[in-house]
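Report on one structure; see the data block that follows.
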Amino acid sequence: MERTYRLVISCPDQAGIVAAVSDFIARLGGWITEAHHYTDPGSQWFFMRYVVRADSIPFELAEFRARFALTAQSFGMHWFINDSGIKPRVVLLASKQAHCLSDLLYRWRSHELDCEIPAVLSNHDDLRGYVEWHGIAYHHLAVDPGNKDQHFAAVRERISDARADVIVLARYMQILPPELCAEYPARIINIHHSFLPSFVGARPYHQASERGVKLIGATCHYVTRELDAGPIIEQDVVRVNHHNTVEDMVRLGRDVEKMVLARGLRYHLEDRVLVHGNKTIVFA
Amino acid sequence: MERTYRLVISCPDQAGIVAAVSDFIARLGGWITEAHHYTDPGSQWFFMRYVVRADSIPFELAEFRARFALTAQSFGMHWFINDSGIKPRVVLLASKQAHCLSDLLYRWRSHELDCEIPAVLSNHDDLRGYVEWHGIAYHHLAVDPGNKDQHFAAVRERISDARADVIVLARYMQILPPELCAEYPARIINIHHSFLPSFVGARPYHQASERGVKLIGATCHYVTRELDAGPIIEQDVVRVNHHNTVEDMVRLGRDVEKMVLARGLRYHLEDRVLVHGNKTIVFA
Amino acid sequence: MERTYRLVISCPDQAGIVAAVSDFIARLGGWITEAHHYTDPGSQWFFMRYVVRADSIPFELAEFRARFALTAQSFGMHWFINDSGIKPRVVLLASKQAHCLSDLLYRWRSHELDCEIPAVLSNHDDLRGYVEWHGIAYHHLAVDPGNKDQHFAAVRERISDARADVIVLARYMQILPPELCAEYPARIINIHHSFLPSFVGARPYHQASERGVKLIGATCHYVTRELDAGPIIEQDVVRVNHHNTVEDMVRLGRDVEKMVLARGLRYHLEDRVLVHGNKTIVFA
Amino acid sequence: MERTYRLVISCPDQAGIVAAVSDFIARLGGWITEAHHYTDPGSQWFFMRYVVRADSIPFELAEFRARFALTAQSFGMHWFINDSGIKPRVVLLASKQAHCLSDLLYRWRSHELDCEIPAVLSNHDDLRGYVEWHGIAYHHLAVDPGNKDQHFAAVRERISDARADVIVLARYMQILPPELCAEYPARIINIHHSFLPSFVGARPYHQASERGVKLIGATCHYVTRELDAGPIIEQDVVRVNHHNTVEDMVRLGRDVEKMVLARGLRYHLEDRVLVHGNKTIVFA
């Protein structure tokens, strides 16, 4: 894969933004290989993502950032530019279920996911052998139900030690405390089952089975303080019928969960996901 | 299409049901062309649907019913047998939106849906010309918001006059009174939009857009006293992205609504849908 | 819907194209509401589509075209700009099957498809009443198998009389002569069934059934001289199983055909489809 | 999971088959928990699959087989009955690509696939470490292009040594010799990419990209002497667009391949797949 820079911008829409940005890049001789724009019609907020060949820019990113700052300021841009050569660091949080973890580790070791995985944290020790076979550190951080704060303090420390850019809840089954959510805005990714319609409360698969739903799905979203209500990155469904027991539905749900999480994480790692209020723009 | 009989049975499961029923049919020389069985593992309730060639049974259905009654009684069966040569009578209730109605009328006039449509009822007059071109009676029954009872009394009378076997709410946009729902159990079919997750309250498409959902869907279900909570017959979804405005989502929703309603109604007309508590078994 | 201009461009890729175009529009005070770019990595060919609010441009399109010509020339652009206020004229060619025709006419009369339909041509008279109810001219042009040239001469004349911008083969079931295909490049849209894998020769649904395929699909494509091998605009599939007879598969195939054709035509009418060699870029 | 027996039957259709079989089981006090019937309308061939609780049958399978033989003979049945407590032995053949292998091994070690995997054979040594971590024997059987017979002789011997019931070509990338295919009829399962339409010849993904296909798929089928033309067990597709490079399409193809293979193998292991001529009946 050739090395590229990914320039991601959002700002209030106005005439001339694209002209200014593309002119800036053109003057440097920059070669744009992928470009997405979008204006949200409700808020009139503008979003763009450019991929530029690294070898077409005559200096390093620090210099690019310094030079672009003036343009960015004049339009009130929120912006960043990332180097595809610097791999984001992803920490995975898991519990006992292996389907999402296994799938992500396969994609990582086959170089399909372009990231580092410095550590896996889990409140159980079950997956240690599998994770360590990959040469990845495994931290078993048990949960004392009477003192969850202790657990989360340990989680927080390990994440910090690992210098995580992204945290993936790969069926972690614990609710993160709000302060931790707030510390990593749009950087904690969760996957959970979804249904049409939703089933609130305990044992949603049983409720879905009792209602005879014909589709079960999964939603990949950023974690916010409000449980399972953060911006949606990706979703998908699988068809079920009356022959499928609750166990079948859970099994089919696992398949759609692992696929949706893998797609969502990939979009995030490639800087394709822009958050706007409680929704995402995904330049897929 | 060859004429067939559709025998549909449900009863508590026990050994010997299939043997008894298939032996009964075999002794008559009956030729089974399609067979479905299912036992619900939770309730241990048994369901079956047999399709038998009419010309393989040496007498008429009245005689069949009389002879089968003893077998049925001994197993405590709920059962019926329908003649494919007698078309069910479907009354459509519509409002202003034409997508479901148009699609169903196309399927009816091209003989894809095997039913009679004696009447279309609507609280608006907009669709009269289109319906009447098909040679179908159109009844405009206006809704007086201050006296909805009058409207529903008229609806009920028209349905009764039309000797409706099935009532389809093809985007009718009115909530039927509970008594009317109770009068036609598992015979009133509705279609409504669905999302993952659900959005309760007004303007669900706007809520879905603000949350950035990636899938929107439709659910076809039987109408019960509890609004939009009856047994689900069929569901499907369509993918959306941030480029889709609320208007686009509504438009894409219409497409999935009309397809899901047409499939659900077809299953019903072919006696493929068995209701069990609040779920359906669909022998599709 | 607000009136917009749709500027569609393709040319060899080089630095500065986006800068030049967006600068040109910005200087006019033009308000871009939708923007798509794409560079084909193999051919290094660049494609873009901008939607600009008509009321943000201080003069009419003739003036825009004159002023933009210089910029366009300097980059060797193929380009056009269309006014959403001028509806494209679509001529439908049909045979006996009504599913695609009915669906398109519903979308037209409900203003979902933004076009004129000046005429429907058919080699059979079956659909006359339905078409004429819509106030659309119906031309029955019979096919003499011994003299197909005569038929196609009549078709060509009617298309020309109707000043068609787009020709839709809505299950027309005749192979257009190469000269007619060449006369309307990327302006004749066809729909046909598709399978995985393909089944060459007669009765493909029977072949598919005998192979036990689990998916059947439909492909919407531009018509070129080579039968069914033109650039693909849209595709979709539907799931089938062993219970589905050949007749069921044909019926399910009709549903996916009509949906895929409607989506493909919509993309075309909104100038979202750019042809490049034998493929399309669809800015959906 | 409770232990069950799976009785699978096919024979020419006639009146009385279901009655005879269900009566036979009822007389034993057998408890049927799942039942599927199907008659192929073209060939008038009958298929059935019954799942019976093992603890409801008062003797072992040898006795069942002896007693059922007379009934089976009188109807000319092809039949077998399997014990869910005896796990089928699956040998995996792989090459360098790990996506299907990884996914199957995850499902095996999490007990989702109910089978033994005594060995993995490969013409490369790349996947040894991963396979051996699972405690599964890995045999590297190199291919000498000038003497493929030697390779296949070794493959055949290893399969035989492993007493394989099923052979899965998990992206094995070699064409099995016809004799080997004939030795394991309906017991060798392959996965390969599929497109609408098909692309014959080399580099199909490149061809598909050049044609601008919008869907790519995968087909899981039994291997027969005719390459990639055996009975189809399962298929699925994934949507692509012009932004997807050939590499993206290959990656997305891997995802659909692994899911389709896993589903197809599961159906096979549960005796849900009945082969009839060149098609399958899948009692899913």
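First chain written, first letter: the chains are A, B, C and D, and each begins at residue 1.
Throughout what follows, contacts are C-beta pairs under 8 Å (C-beta built on N, C-alpha and C of every residue); 3 or more make two chains touch, one makes a residue touch a chain.
Quick caveat: nothing in here was measured; it's all calculated off a predicted structure.
*Asks:* Given that chain C and chain D are copies of one sequence and touch, is their interface built from the same residue numbers on both sides (over half shared) or different ones?
*Replies:* Chain C vs chain D: same; shared/all numbers exceeds half.
*Asks:* Find the chain most remote from chain C, comparing centres computed as mean CA coordinates.
*Replies:* Of all the other chains, the one whose centre lies farthest from chain C is D.
*Asks:* Between chain B and chain D, tell me the centre distance in angstrom, where each centre is the average of that chain's C-alpha atoms.
*Replies:* Whole-Å distance between the two chain centres: 37.
*Asks:* Could you state the distance in Å from the CA-based centre of chain C to that of chain D?
*Replies:* Whole-Å distance between the two chain centres: 41.
*Asks:* For chain A, write out the residues touching at least two other chains, lowest number first.
*Replies:* Chain A, residues with two or more chain partners: 34, 38, 41, 243, 284.
*Asks:* Among line, ring, star, complete and other, which best matches the way these chains touch?
*Replies:* complete
*Asks:* Which residues, counting only chain C, touch chain B once they are in their complex?
*Replies:* Checking each residue of chain C against chain B gives 34, 98-99, 102-103, 106, 109-110, 112, 130, 133, 243, 251, 255, 259, 262, 284.
*Asks:* In their shared complex, at which residues does chain A touch chain B?
*Replies:* That would be residues 38, 40-41, 194-198, 209-215, 217, 219, 228-229, 231-232, 234-237, 241-243, 245, 277-282, 284 of chain A.
*Asks:* Hey, which residues of chain A end up touching chain C in the complex?
*Replies:* So the residues of chain A in touch with chain C come to 15-16, 18-19, 22-23, 25-26, 29-39, 41, 56, 239.
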